[in-house]
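We just call them A, B, C and D in the order they show up, numbering each chain from 1.
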Amino acid sequence: MKVDMNIDVHHLTRVEGHGNIHINVKKGKLVDARWAVVETPRFFEAMLRGMSCEMAPILTARICGICSIGHALASLRAIENALGIDIPVIAKKIRLLAKHGETLQSHFLHLFFLAAPDYLNVGSVIPLVQSNRAVVEIALRLKRLANDMCDILAGRTTHPVSLCVGGVSRPPNKEDLHKLREQISERIPDAERTVELFKTIQVPDFIRETEYVSLKGEENYPWIGGKLVSTDGVLKNENDYLAMTNEYKEDFSTSKFTRLSRKSVAVGALARLNNNYNFLKAKDIAEEFGIKPLNHNPFMNNIAQLVECVHVMIESLELLDELLDEPMDEISSEYDIKEGEGVGAVEVPRGILYHHYLINKKGLVEKANCIIPTTQNNANIHYDLAELVEQAVNNGKQDTEVKKLCEMLVRAYDPCISCSVH
Amino acid sequence: MEYLGIELKKPKVSFFDFTCCEGCQLQIANKEDTLVDFLSLVEVVNFREISSEKKDHYEIAFIEGAISRQDEIERLEKIRKQAKLVVALGTCACYGGVNSLKKRFSVEDVVNEVYGHNPVETLPVKSVKEVVAVDFEIPGCPISKAEFESIILHLVLGTEFRFKKYPVCVECKQNLNHCLLDEGKICLGPITRAGCNAVCINGKLPCYGCRGPAEENNWPSLKQILTEKGFSPEQIDEKTSFFNSLTEVTKNES
Amino acid sequence: MLYKTISKANFKVFINEVIAGNVTIAPKMTDKDSEGNPVYQFQQVYAFDEIALNYTKTYSSLKNFFLPFKESLSTFQFDKNEWKQKIEYSIHPRVIVGVRACDINGLLKLDNVLMKGKYPSPYYVARRTNTFLIGLDHEPMADCFCQSLNSDEALHGFDLFLTDIGDKYFMQINSSKAFNLFKNVQINDIETEDEEKYIAEKKRIASLFKTRVAITGLSNLMDIEFESDVWKKWGDKCLSCGTCAMVCPTCYCFTVTESIDVSLKFALKEKVLYSCNLVDFAEVAGGHNFRPEPATRLKYRFYHQHRGFVESYDEPKCVGCNRCGIACPAGINPIDVIHDLRMEDVK
Amino acid sequence: MSYEIPRENIAAEPFMAGPPDFNRKSRLMQTDKVYECMITNIVELTDMEKLFHLKIMDPGESRLFTFRPGQFLMLELPGFGEIPISISGSSAIRERIGLCIRKAGKVTNMLHKARIGTKVGVRGPFGTHFPLERMVGHNILLIAGGLGLAPLRAPIYWVNEHRSEYADVAIMYGTKRPKDILFDYQFDMWGKIYNYDIHLIVEEPDENWKGRVGLITELFNEVDIDPHRTYAIVCGPPVMFKFVCNHLNQVGIPMDRMFVTLERRMHCGMGKCCRCMVGSTFTCVDGPVMDYWTVMNLKEAI
């Protein structure tokens, strides 16, 4: 039987921002499969012009409510590279811990609030409060930990306050760090229960080979700065990020698309894991789920996020031990305003994020460019959709099922749409 | 529901986002300690960021974000017709927020800067009240979780919520901070409405007024203080216009 | 009062042992101002070496350890339409090290209101009686005018008071609690030489005051100059920001707020320190404001310091630390305001 | 080795365990503990004002609560706030505390939604009272504007209960509109049983209003005042008592025989929060009842 299908998801729910899915199948043949971002663009790059560079991290944090710490860090790194500032080791550790808090916050939000309802067949986390109270409580405890972590290290979860050019402006207090350490240890069993929970779900079986781009770890799983790498063997310096992204624009989407060696690339947890598997401190968990590089199932991004959560919790404990052993008097470096150009690449929850600024001798931003992970994933989502629908139709799946699969696929990328039309 | 023998209502609420970072909605999803209790106080019928349920019957519409495209204006007008109470959520919705920095340039210029030869549609940024009537405003970039919760409670209890009338300095000093003006920075705490617990200054980030003006806001005096400290009009303006929330008190002086 | 001396080395041993057994609060350097001068605050310390004993003055006063900026007055627990009120006064004992004489005098003024007043405050009494105070003499700063207000010397209100006389401290022991603590630390009797050094040091400190504020007749002047233009002059600068009252060691006025928990099972009644400079200090239901202009509010703060309090307790409320003057973003300080008020024909 | 400072338990102090007695000052007690009360009756007086009857639930606390006319209490609505309210009822009746409350803001609006049986809290009584003992043998002039009749009810009850001790008593009462008149159902009783000379006036009459129209001071044309034998009690908004007292002053009543009540913002009732300070006077402990001479000499009183 040849089927016709017209799927139109207008403003996909449980994602950050506004995006639509259009699927058109005529007589069993795919005519059109589109991922269209319809979010209103905000023009941050234009607004940055003429602003003092110290204000740039404060402004660009507002690109995204979920990964504001990541944006601030990329922005700071770009400025610090432009002005030739070396930040103190302690500040680096504090920043990384803050970022870890954000990664946990974002990943857990996605896993429990946005993705899990699909697997548990409910519309949102709200009915789970009644039906799966235990799961909701685990989710809330883990999110709470992530929130507290950001609050202690960056002053606030959304739009951080104590990350500044040169380092950090206020050190966390040791008492809080002690408590945080305890809290993380206490939450490890919750993370383990989450792993058990996700082992019971059925991840759709879907493969489309693509190119995975991320930072390249040297000694550790990479988060802030370093070389850029792809699974197709491309290796570039941070400054050459444009060669990694090659942005272009499609008419039906307000967010741009990118490509590298093939027609699309993917970034995010799965990309990081594919490129840096050996540095993972939660390899055992990855093995339990059977992810090994190279994994080409985009749905496995959810699992990669979970693996990263455990990795991040372990690494945070190590970082906290180091911080607690050191005096915290040197937290920021002095610097002079001068002309310069710099790029900052940071692995935020959804993938690699670039900020690039040209700063004039008054310290004002002359030109800015920000390339967001979701932008880099858009093309991949778009082409995945086509492939997924074709496979599903061939397997005789019906409208509702295909629609749900499509939605789940987009959600698996955890797109941050308002981010992508910054 | 009852409290002290007084009948309470359970309002149907919806959250809608426009031009913004969705950080304010996230504050609500991030209230881990009280989320479960909160969900029993109100009936959430639309909350796209975390829920697939969509319904057209709601009493209170929370509007997040500024308005910057024709389709947003239409969507907002539709919501206004449906909702009994329209609440602007966050600095973007209340004042335009950081999006207003776009106003420094022409529309063509910003579109060209970002999209080059593939122009997209955009309008000069407006706050929600510039488009439809707004019943209540909750400022903050992002909103304060505690304050939001208290506002909802007041709504449910049927009593009026009052913002603090005094400026951020009170909370700043209550947190034992050292004044940032004294550290050579521009801080707008003295003219900004308190209620955020001085969260920025606690982290040594000066206040740029995301919560809008305090009831008593002696801008001429603060401006003179800043000028005497040697800040240029451009430096001062960069801060006072950052969230577009203080223009009401700063625009008449130049 | 018992007078002894303690060597500096023994003092360090003593403090470390106090720290080991108690929550201990002492001055620490926390920030730097734009000129690079250190800024101090009272904070919990974990070792003697963290204490900045030779600090100048703390940016905020000690007040918040006795009158916290936010303090729960009571809680209410609900069960259907029933409720029960719960009140707690339990305070863990703590020690504060390095308190200046003016700050002790500030506490004595608060004692007048909150311990000896018409309705003693159990919250304050609990905090005050569970705080062990160790005072320490210091050289005045250029802007200190506590001498003018008779606050440069504390005669009581502390457990221990130290004066640096070289390699040891001259020590006043003022409570049996304090005396008990010295059972295991060596302290010495006063010798003539100690006494001489003590007197000399006291004289030296007294001679170092540079700022004087004439207080004579000031109470009446407050009344007589009630309509003075001086208030308008300074009122125009005032940001109504409350900073002055927050850092002041003796400003104690407050507001009470109640909040209900989202669970509707619990309500909190909280006292929050306020400032008479804030716009709604004297505003009543319906919006009538008895002091709508910044100038009348600023005046009221001075009026209370130098007349209202005097009428009740025969002494001004101000101790002359000039914290308000340092912290005021608008540069309003009591020295200039009082000076202005005392002159004739001020513009 | 470590030294531990011993803990002082103030809960063990003599008066900390029992209920606070607000008539006994300068005693360490649980000053913020409320007496739990039940609302036993609610009378709707106008659209804006209701009369609430409260009963202190604990008999021991009820015995402690004795007040003098003119004093006020702090009324607690848990979760909403605590407000000062004059006691508007008889000081001789223990079982019932009468409070006449106008809808004005957060707490009062909520109270207007409350039902009989709702539990509230009170602390008090606080403040000064009208010196009714001193007025024995004299004429009394009771002058109220608007809600000012609420605090006047306490001295009225007192005089009722000791009617033979006082000479002529007159009530002068003015409101904005006829529908704002409070306690009209009691006027007959006060006039006929207790022999008061009652005068009413409104500013904005409606079609049914047959009485006097104008400001309260116009009532002076109707009332004979013997300045040497008269005490005056004046309650109402500051503008009103200023005009009234000025008039009484011209008639020749000494200023220290006129009593007014002041109203200010209050958060404690105990002279601590400073919100009610006028000049250097605390309205809550040195007031609210004050003679006019004192009020005249307060800075910024009116």
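One rule holds for everything that comes next: contacts are C-beta pairs under 8 Å (C-beta built on N, C-alpha and C of every residue); 3 or more make two chains touch, one makes a residue touch a chain.
Bear in mind the structure is a predicted one, so any value in this text is a computation, not a measurement.
Student: Quick check: more C-beta contact pairs at C-D or at B-C?
Tutor: By the number of C-beta pairs in contact, the winner is C-D.
Student: Point out which chain occupies the most central position, where each centre is the mean of Cα atoms.
Tutor: B
Student: Could you state the distance in Å from the CA-based centre of chain B to that of chain C?
Tutor: One centre to the other, that is 37 Å.
Student: Rounded to the nearest whole Å, what is the centre-to-centre distance of chain A and chain D, using the mean of the C-alpha atoms as each centre?
Tutor: Each chain's C-alpha centroid was found; their separation is 64 Å.
Student: So how far apart, in whole Å, are chain B and chain D when each is placed at the average of its C-alpha atoms?
Tutor: Distance between chain centres: 43 Å.
Student: Specify, in ascending order, the residues of chain C that touch 2 or more different other chains.
Tutor: Counting only residues that touch two or more other chains, chain C contributes 78, 81, 83, 259-260.
Student: Would you pick out the residues of chain B that each touch at least 2 other chains?
Tutor: 3-5, 157
Student: Chain D: which residues touch two or more other chains?
Tutor: 78-80, 105, 117-119
Student: Treating touching as the only link between chains, describe the layout with one word: line, ring, star, complete or other.
Tutor: other
Student: Per the contact definition, I'd like the list of chain B residues that touch chain C in the complex.
Tutor: Spelled out, the residues of chain B in touch with chain C are 1-5, 34, 37-38, 41, 149-150, 152-153, 157, 165-167, 169-170, 172-174, 176, 178-179, 181-184, 189-191, 214-216, 218, 221-222, 224-225.
Student: Which bits of chain B are touching chain A when the two form their complex?
Tutor: The contact residues of chain B facing chain A are 17-27, 29-30, 32-33, 35-36, 39, 44, 47-54, 68-69, 72, 97-99, 101-102, 104-105, 109-111, 113-115, 118, 120, 122, 141-142, 199-200, 202-205, 208, 235, 238, 242.
Student: Inside the complex, what are the residues of chain B that reach chain D?
Tutor: On the chain B side, the touching residues are 3-7, 157-160, 162.
Student: Of all residues in chain D, which touch chain C in the complex?
Tutor: So the residues of chain D touching chain C come out as 1-11, 16, 22, 25-34, 36, 76, 78-82, 104-105, 108, 117-119, 121, 263-265, 267-268, 270-275, 277-280, 285, 299-300.
Student: With touch defined as at the start, can you tell me which chain C residues reach chain D in the complex?
Tutor: 17-18, 20-22, 73-74, 76, 78, 81-83, 85, 87, 89-95, 113-114, 116-123, 125-126, 129-130, 132, 177, 181, 184, 223, 226, 252-260, 267, 269, 274, 276, 281-286, 290-291, 296, 300, 303-304, 307-312
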